[in-house]
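Okay, got some structures for you below.
Next come two complexes, and both contain chain A; in the first it sits with chain B, in the second with chain C.
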Partner chain A sequence: MQEKLTAITGSMGYFLPEIAIVISLVLLLIAGLFNAGRLNKLYQVLALAFLAVTMVLVVGQWQEVGDLVRPLPLFNNMVQLTSVSVFWKMICVLGAFITVAMGFGNQDFKDKSSEYYLLAFGVLLGAHLLVMANNLLTIYLSIELLSITAYILTSFSFNAASKEAAVKYLLFGAAASGVMLFGMSWLYALTGTLTIDDVQFLDGLIKANALPFTLAAIMTLAGLLYKISAAPMHIWAPDVYTAAPTPVAAYFSIVPKLAGIGILMKWMMVINLFGSSPVNWTIVLATIAMISIGIGNFSALWQNNVKRLLAYSSIAHSGFLVAGLVAYSETAYKAILFYSAIYLLMNMAAFLFVNHAEKEWGYTKVEDYKGLINVQPLLGVALVIVMIALTGLPPTGGFTGKFLIFSALWDSYVESGNDWSLYLLIFGLMNTVIALFYYLKLPYYIIFKNAEQKPQKQLIFSLQNFIGFFLVVMILLSFFKPDSLMRIINSVSFAF
Partner chain B sequence: MLNNYLLSIIIFLPLIAALVVAFIPGKFKGAFKYIALGIASLQVLIAIVLLSGYDASYAGVNHLNEFQFLENVPWFDIHLSSFGHISADYIVGVDGLNMSMVLLSVVVMLIGTIASWNIKTREKGYFSLLLLLNGAILGCFLSLDFLLFYLFFEFMLLPMYFLIGLWGGVRREYASIKFFLYTLFGSIFILIAMIALNLSVVDPAATAVEAGLVQEGQVVSNEIVEQVQQSLAAGQLSRENLVHTFNMVYMTDPANYIPGSIMDYKVMKVILGQEGRLLMFLLLFIGFAIKIPVVPLHTWLPDAHVEAPTPISVILAGVLLKIGGYGLMRTAFMIIPDGVGYYGWMMGLLGVISIIYGALNALGSKDLKKMIAYSSVSHMGFVLLGLASGTTEGVSGAVYQMVSHGVISAALFLIVGVIYERGHDRIIQNYSGLINKMPRYTIFTVIFFFASLGLPGFSGFIAEIFVLLGSFNSSVVNGFLPKWMTIIAALGLIFSAAYYLWTIQRMFFGKFFTKIEVSNDELTDLNTREYVMLVPLVILALLMGVFPSFLLDMINNSIAVFTDVIGQYGDIIQQN
Partner chain C sequence: MVVLIEIPFYIFSGLAILFAGVILFTKNLLYGAFSLVGTFLCVAAIYVLAQAEFVAVTQLMVYVGGIVVLLIFGVMLTNKITDKGIITSSYNRFLGAIIAISLFVVLFYGILKINFGAVKGQSADMNNVNQIGVELLTEYLLPFEIAAVVLLIALIGSSVISGYKTKETDE
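Now for the complex of A and B:
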């Protein structure tokens, strides 16, 4: 008992960002008790300030883990602090920061404002725990934390569609976590432990019969795929993205998804059992990646609603991230980190501008963007660049990200003769052409069509657009100078 | 001092000007065309300086130190743990392969800018896109780093897409998206090959630094480079220290290939039932063939040309198509010379098909612009045939044809623009006896039609003769192409004579009448601006036809190295 307590108190020092999130959450809850409605501004400022503090703490942790050789077990190895997990935490906090900034100055949530922010912090806490998780139970709990807060956030448009989407999300989510929990229980039965990097866990799986092991691992995988909205567990995404408030949709496209990728990377290393797995996971993952890319791109072709289009695009991007898992090497994992960081930039930029257009001019459909370039040239050009980045064309970071993933796939094909890497490479590249077709839709309307009713010429200088333009510059810079981002990623080490 | 950065200046001058134009308030819209004209003229001046400093005795091609006006600056270096480094450099330089292309592009861009004088809608967008296109084209011709090349190659698409799609004819949107998708599809193939090459080739100098053989910042001597290459071949270098490069000149050296990689010379890796190197050659070929364009990948071209505004057609035919031919030479042919012999027969056949099919289509075209567009397909077929022959005459002829076609087709599209501007119609049958109304216009048309059909004394004749000679010789020299291909290709000359002469007869001779609503005083003869554009092109076409040695001297040394490299592999294939 004494030992456990000292372990817990000893771990606290490495848990500062999460503690900060919890304290912020509680403070927001208390602040929410006072005269809601009128204090919206205060909550927004508070939320941004808390996130800034969290960011500082996470960056501090980043410098701390610099000299970590092995993962640092915390709380009796329920969670682990590694350089990778801190990297993901930085991404998540950044995503949360931009999300909160996106809603800055809005009065959308009326008297529910403080709840909105505390739920957003709940998602963030779940994401933080998920990327650090080292135990099936922690994985499950943090996914639940992430999901339940997300269900409520979905309904924050306060209309019928958003409630319907929230219920759909809840039902799918409940089913997915049920399946995952069932899979985990099998894994426990097979190994007798829940700690995933434990020797006992790996030993148990190596000795286990191939069939139950495969089924259990796939069931667990299903829950994670659901979080990253990869096919075939993607069905909730379009509805939720469309119906939820735009900042929330942006949040969902980044934080839960990238945290999910973070834990998936770890999970793949575990169930590969250092190469002695009886199952060839690359086939499974390659199939998932191909279906995700295919479904995402082909469905996006027919979309008129911008947020729905972005939802399908985010499904396709999940496919590309999973493609990195197929290549399965240190290079590939670093390529995933790079891609994720770029994905954060470009998706957030896209949502920032879409949110601006929706709030200021009521744009929801692609056709609404007609002739935007004539009225708001700067915004129009920025959106075009973002769309080019999402397609994966130079000179944007989107190209560099895809380039690294494809390089990793080529390399995996050459080095390990993995045919699926090659098929996936070809499939992914061909899909870029299809993707161009729908990503160009927005620039097409912005530039080629003339608007019947033009929005008034007005200043577009707001905090949101400022962040958006900053992100666009970063997208371009990450193409011309990818080494600076790569240097950050290179301080991450994987235990291959 | 400035001399060392001439190439960067010629590339970035228009790019910076494009930004300037984009930020000048719209009320100064009268100034945009003068800015564009000023930049294009400056580029011509810079090109003249380049030409005067250019020493044709250096071959370049596969020796980095033989490139002139070389600028070599590290761009980025990504370290990917066990995989090694991925590094790209900003390398621009000229040799015999791209010098002529640079000269051609600055001339055509200047003509294209003058042709844009009549653009009256959204000038700001038009001229900033035109300048962007200008910079991207030159960047494409001058880059010696594959990633840089690819960047400019892709970057060309966007301005072109908007220029056709916004200022084009009735079906402009269809034509522009078709152009974009075709070329992007092609560039995906190029991307695959580029990644494969990057994975397979190391930068020996940078690898020496990483492996600790030399201190950082020190000059890497040739001995060290050889030492690195030897240990690379022996597999003694740790993977982590390898610096993967995009440098296209390093890619031409077999010693820089990592043993066991996709593109390895010695142990051919089989991918999807085909040897890796050959497959990559095929991918590069498809990618650039779309750009040339080669039948059956040409269908975007007639649409794009018919819908594009005149100046854009001029640039498209005059310069953009050449990027296909040049790209093929610089990448596929030089990096994977073993593929030339293997696919030579197929490429020759496609070239011949393009010549004949393009000519027949031109013969059947009712629209004058479509006819010229198909004649481009036909004439670019000679480029492919010449390249596929792998002989000195053939390759020289191909390069000559690219320059000659650049000049002549630019003029031909201007000529179409003249009649379209006046009559708002391009259907050949709707005009007759134009010589009575527009005698000077008729003279220029006839001159360029004859130049294009290969009349001796004009540049096209020299180019086509060289190509035919080269492809005929090929069966003796290296056995790439059978003799019958040359014979059929020669038939293409007869067809092109047929469609040009028939058009002259229908449109210009006979009694004057038009089937369109046009008042008599609208069909005026050429104005000064049109003379300014057409006269220099006539002079160029004539000069190149009478003094071929000027251009040939410039490219000879490089072409000799080029064919030598291909020949070495041709011999190996013949022996097998």
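Now for the complex of A and C:
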């Protein structure tokens, strides 16, 4: 027992970002008790400051993990600190920072703003724990933390639609985590341990009968797929994205999704069982990726609401991220990291501008954006660039990301003769063409249509637009100079 | 000795299934809620027989004491016309039955194939509560703390959601 306690106190030093998040959560809660309703700018500034501190701590960890040879087990191997997890944590904190910078737009319910920022920290904590998790119990609890916070955040529009979306989200989510928990209980029955990188765990799974192993692994996978809104667990996404406040939708499309991809990468390495798995997971994943990309793109074609369109687009992007898992190699995993970083930039930029248009001019439909370029040339051009990036065309980072994923798929086809990689590659390329139709609908309206009623010219300089333009510049830079991001990703090691 | 434990085990499992069946087939929501109490009590008894006293007590306190009472209160308070119970109906019975039965067959067959030898059995004289307390604060300290944050968030969330007033009701 003494050594366990020593391990716990020893782990605290490597757990600073998470401790900082919990402290900020509590401080925001206390700050929210004073004069709610008038101090919401103060809460935003406080939240941004806390996130900046967290970011500094995470970057500090990045330097520490640089010389780690093996993953560092913390808290008796409940979580593990690796360079991959620190990379994901940086992305999550960045996503949270941009979301908080968007502010709490709901003017009628200003007194709820401290809770809003506090819940953003709750999601962030869940994401941090999820990407580090090394134990089924930690995985389950951090997914619950992510989900419960997400249900509450969904209802923050405080209207009938967002209540309905939150209840739908809750019901789907409860069912998904119930199925996942059932699968995990089977895994425990098969192995007698919950630590997923334990020799006993892997050994038990290799010795296990094929049928229970497959059922348990698929049930657990279902819960994770739900979190990244990949098909067939995607049904909640469009309603939730449309009804939730725009910053919250942006947050959902980045942080829980990428944290889910992070744990999925690890989970696939585990259930692949060093290649001795009775199930060919590439086929399962390739099917999931194809359905996600297909459903995302084809449903988006008919959408008129910009947020709904972005929701379907995020389902398609989950498909592309899962496609990287299909290739299953170190290059592919690095391609996923690159794609995720770019996805953060372009999706956040898209939501930033959409949020601005919605808050200032009340734009929600694609038609509303008619002739935006004549009134707000800078904003119009920026939105066009973002949409091109989301499609995956040069000269944007979106192209580089898709290119890396596709070339990883091609490599996996050439090297291991994996036919499904080829099918997925062809399917993905075809879908990129389909995606052109709906992504370019918005630029078409912005550039070629004339507005009937033009919004009044007004200054568009605000913190969130500044961040948006900065992200657009980053999207362009990541195409012309991807080296610096690649250098960061290359120093990540997938030692397991 | 083995038989002595097994007989009540099967009795309680049978009762649990019976009560669950009532929940499934009754149309009156209040009957369903009361059968839920029966199911939970039987499951608690099974936990006791499996020497998991702590889980059994938790089951009693959380489910029977909290959730079901809340459910029954909910049913009774929303049930304004006192002489009529809340009636629920089910749709797609045929399709639902097929899916449920096939799922049951697959899962049942899968469970039969599991070799439960991997799970270590605990000796009977071990003090369960004591051990859980020690483990929670050493081995499982982090999950314990995460659960604390989850509960805090849930508390804040419920107060936010229930505490908001729309403009109409404000005036």
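Assume the second predicted complex is superposed on the first by the 489 of 496 C-alpha atoms of A that agree within 3 Å, B and C clash if a C-alpha of one lies under 4 Å from a C-alpha of the other, contacts with A are read in each partner's own complex, and residues count from 1 in each chain.
We adopt the following convention: a contact is a pair of C-beta atoms (placed from the backbone, for glycine too) under 8 Å apart; a residue touches a chain by one contact, two chains touch by 3 or more.
Computed from a prediction, not measured in an experiment: that's the story for all the values here.
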| item | value |
| --- | --- |
| Chain C versus chain B on the shared chain A, clash or fit after superposition | fit |
| First (chain B), second (chain C), both or neither touched by A:I235 | neither |
| First, second, both or neither for A:M1, with chain B first and chain C second | second |
| Which of chain B and chain C A:L476 touches, first, second, both or neither | neither |
| Residue contacts on chain A - larger count, chain B or chain C | C |
| After fitting on chain A: smallest Cα gap, chain B-chain C, Å | 34 |
| Contacts on chain A seen with chain B and repeated with chain C across the two complexes | none |
| For the chain A and chain B complex, residues of the former touching the latter | 329-331, 334-335, 388, 393-395, 403-404, 406-408, 410-411, 413-414, 422, 425-426, 429-430, 432-433, 436-437, 440, 444, 447-448, 480-483, 486-487, 490 |
| Complex interface listing, chain B residues touching chain A | 75-83, 86, 150-151, 154-155, 158, 162, 165-166, 173, 177, 180-181, 184-185, 188, 191-192, 195-196, 198-199, 260-262, 269, 271-272 |
| Chain C contact footprint on chain A (complex, rising order) | 1, 4-5, 8, 22, 25, 29, 74-76, 78-79, 108-109, 112, 115, 118-119, 122, 125, 129, 135, 137-138, 141-142, 144-145, 148-149, 151-152, 155, 158, 186, 188-192, 200, 204, 207-209, 211-212, 215 |
| Contact set on chain C toward chain A in their complex | 106-107, 109-111, 113-116, 118-120, 134, 138-143, 146-147, 149-150, 152-154, 156-157, 160-161, 164, 166-167 |
